[in-house]
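Each structure below appears as structure tokens.
Same chain, two partners: subunit A is paired with subunit B first, then with subunit C.
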Partner chain A sequence: MELAIENASFTFDKDKATLSIEGALRLSGVQKYKEEGFFDFLKDAVKNCETTLNLDLTKLQYLNSSGVTAFSRFILEIKKEAMNPIKVTGSSEISWQKKTLPNFPKLWNQIILDFQ
Partner chain B sequence: MVKESQKNKDALHEASLILQAPYKNTKKKILVAVNLSLVIITSLHLAIQLISFGHLPEPARDMIMIPLTIGIHAFSAYHHSRLLAGKTNQPRWVSQVSTWASLITLQLFALATVHVNINTATSLIVDSAFSIILVFITGTVINRNAATVWLVISLISFFIAYGNRGSSFEYHLMTQQEVKEYKQNLKSPNRKVRQAARKRQEIVKKEKIEPLSIKLYLSVCLIFLLLAFLPTFFQASMIGQVLKTIPRAIEKIELAADEKNLLKKENVRMSMELDIAKHIQKMVLPREEEFMAFKGLEIGARMDTATEVGGDFYEVLPQKDGSIYFGIGDVTDHGLQSGVVMLMTQAAFRATLDNSDIDITSALNQINSILHQNISRMKDQRNLTLSLLHYHNGTVSMTGQHETVILLRSKEDFAEQIDTMDLGLYVGLIDDFSDHVQESSFDLETGDIMLLYTDGATEALNSADREFGIQGLMQALERHRHHPSQQIVNNIIDEIYEYTGKTDPEDDITIVVVRRTA
Partner chain C sequence: MNNLILGDFDFIPSHLPAEGGLNIMINPIDLMTSWKRCGALANFVASFYSDERDFGKKLDANLISTIFNELMENAAKYSDKRDALITVNTKLYNNILKMEVENYARQRHFDSLKNHFEKLVNAKDLDDLYVQQMQQNIEKEQESGIGLLLLLKDYPVKLGIRFEEIDENMYKITVQVYHFIEPS
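What follows is the complex of A and B.
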């Protein structure tokens, strides 16, 4: 399954239980992310995985503040809906990831964070 | 706004009148020219007849039809000239009737030329030429349908004329009787007669005036007629079509102008909203003169808002006990709502901290709770990064997650960063984040400089899409450390603009510089 939002491509590989996002996301407002199918795509990926989904962000070069909120809301929603927790893989070389990803386990302590 | 659109409308109306003038006038000018030509030609005809014969040879034509024609055309010319000059208010039908009457008399002339004129040769020539002229005039002055009808009538007339003359008619430059005798003479048993006829035949051949079959003559005329008709038809209709499209084009221009006005209104509304947002965001910022009153600290601060405000926040709040609260934050997203969230943050910040003995972590928890409830009520998803700092007797305690705090010790050459990642979480996102809020502290010695900033400063991009960066910011601080705090802030922001090559920020830029002086 694939999804393209703005300058980013979302690829879900069910066999590897990996959803990787590449590129840059700068949509204005969380509502825009919702309209582009961001939440549906991510939640469907979690539902379709028998094991823990690996959200691979190592190639997501830029994410704006609305995008950070969108990811945060996604984590809060899967927590609320008692879905499988996910693993987030990030890159310590990308500045927004260092500033942002450590917050995800604070939103739900079941989230596993892995920096490469 | 209303006045301007009225002015636009008047100007457009005037423009439409100017553009429509040639459309309305061209038809009239063509008609007047035709009318006057016919009046002159028919008058000359009568005069020549009178001079040549001393009387009018064909009473039906010369005493009824021609005077009637002169009358109709003279009136039409007069009426349309006055219309062109704008000197008459007579009803439209007068113009229509005189137009149709003018053309119908012309068409009757063309028909009469074929069917009444005794000279077959001239009648054919005149008819084919006249028909073409009339197709053009009819098409231009009335419309292409009228031109088509006239083409059909003149074709029928052509064939009737042909039928009347009979297919055996030949076009000679002599009477048919002469032709007949001449042909008999060619076969005459009388040798003398036959020789005379043959001699004539040789002369005819020599002078290239051989008899022409009427069928061939008609065919040629017909081809010419059709060839001439097609361009004339399309030319006439083209003029008509072009003229007709002008009012439609004007309609479109008016529509475009209306749309432009709407767009202008929308732009005015949008820029008003942006102005309001900017105003909201800047109206509650601490004033420069407030900084002067602080003992022991020299403070400089500046916020440059982007065209679409980015929701930056900073606060400097002195307390009765001589301590000072600082706040720095950045609301997610842009626009009016971000400005409103910033305003609420300022209110919650002051309400919670000002002259109360609350500790900063509890204060941050309260601010989070207040903002979460209000933002939920706004049905908005915005939240913010926010750090609270409390300076008291040379120690800064801080809580809340925002950008790093930059510290330039007076004894050091290079600035250092103090991380805030572990001190909190996004404010307003969840109702209770107290589990993730922590406090840390550092000493601020005399001469030390503390710099607070938002990401608008570090993420400012140059033309090669490279960020000014945290290193850029730290180095700028090191370069300007010997200036007063406010000068440091201004110099750093100037450097950022020099780096981006722009005079306005893409995102809000906030920098607060605090130096301990005593």
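What follows is the complex of A and C.
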């Protein structure tokens, strides 16, 4: 499964239970993320995984605060809907990731965070 | 109210000479019609400052672009006066990059930004505020200036804001971010 949103590409590999996002995500608001299919794509990936989904962000160069809100909302929604928790993989080479990704486990302590 | 100042506004006074600087003026309509221009400007400013040969130090382009992009997106979203330009002033001091963005907003945006910023500067725990705001976002389907909260909470910055009343329904808003350059 694949999805393209402006300057970012989303690829879900069911066999590897990995959803990779590459590029830059800087849409003008959370509603825009919703309209572009962000939430549906991520939730479908979680539903289609028999094991823990690895959300691989190691090639996501930029994310704006609306994007942080969108990921945060996705995490809170899967928690609320009692779906499987996910693993988030970030890059220690990309500064925004080192600053921002540690926020996600604060929303749900079942979220695993790993840096490469 | 004529003027209101919150946070670390004028942490470095404007008259102090800087090592380098870059100023930009842009019409808000140009950002609203092409949102990607916020990111393009942010990447440009980051690229401008991240060349260590020019300044003898290594500035982190990814951090500068991310911080500056939030300031541009806020100014683009909350600019209401069609004939007033957004003014951007950036200055590099020893280990601090000062980024200042001025725009004009109506009463409702002033109220919203003022309330949000007061919450930020008065919060005892910004992590708690982040979790609380994300939960509210789900319940109320609204987004409320999370960018400034994330900058203040997670980035090596000081933030200040000044509101100047222009007339009964128009405010000039100046946001200053002081980015402390981390040793590479």
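Here is the rule we go by: the second predicted complex is superposed on the first by the 116 of 116 C-alpha atoms of A that agree within 3 Å, B and C clash if a C-alpha of one lies under 4 Å from a C-alpha of the other, contacts with A are read in each partner's own complex, and residues count from 1 in each chain.
Keep this in mind: contacts are C-beta pairs under 8 Å (C-beta built on N, C-alpha and C of every residue); 3 or more make two chains touch, one makes a residue touch a chain.
On a predicted model such as this, the values are computed, not experimentally measured, just so you know.
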| item | value |
| --- | --- |
| When subunit B and subunit C are modelled together on subunit A, clash or fit | clash |
| First, second, both or neither for A:G29, with subunit B first and subunit C second | both |
| Partner chain in contact with A:S91 - subunit B first, subunit C second, else both or neither | neither |
| In the superposition, subunit B vs subunit C on subunit A residues touched | C |
| First, second, both or neither for A:Q61, with subunit B first and subunit C second | second |
| Subunit B versus subunit C as contact partner of A:E6, first or second or both or neither | second |
| Subunit B versus subunit C as contact partner of A:E77, first or second or both or neither | second |
| Doubly contacted residues of subunit A, that is, touched by subunit B and again by subunit C | 28-31, 65-66, 68-69, 72-73, 76, 99, 103, 106-107 |
| Residues of subunit B touching subunit A in the complex | 330, 332-334, 381-383, 401, 403, 421-422, 425-426, 429-430, 433, 435-436 |
| Subunit C to subunit A touching residues, read off their complex | 35-36, 38-39, 60, 62-63, 65-66, 69-70, 73, 77, 127, 130-131, 134-135, 137-138, 143, 146-147, 150, 154-155 |
| In the complex with subunit C, residue positions of subunit A that touch it | 6-7, 24, 26-31, 61-66, 68-69, 72-73, 76-77, 80, 94-96, 99-100, 103, 106-107 |
| Subunit B contact footprint on subunit A (complex, rising order) | 28-31, 65-66, 68-69, 72-73, 76, 99, 102-103, 106-107 |
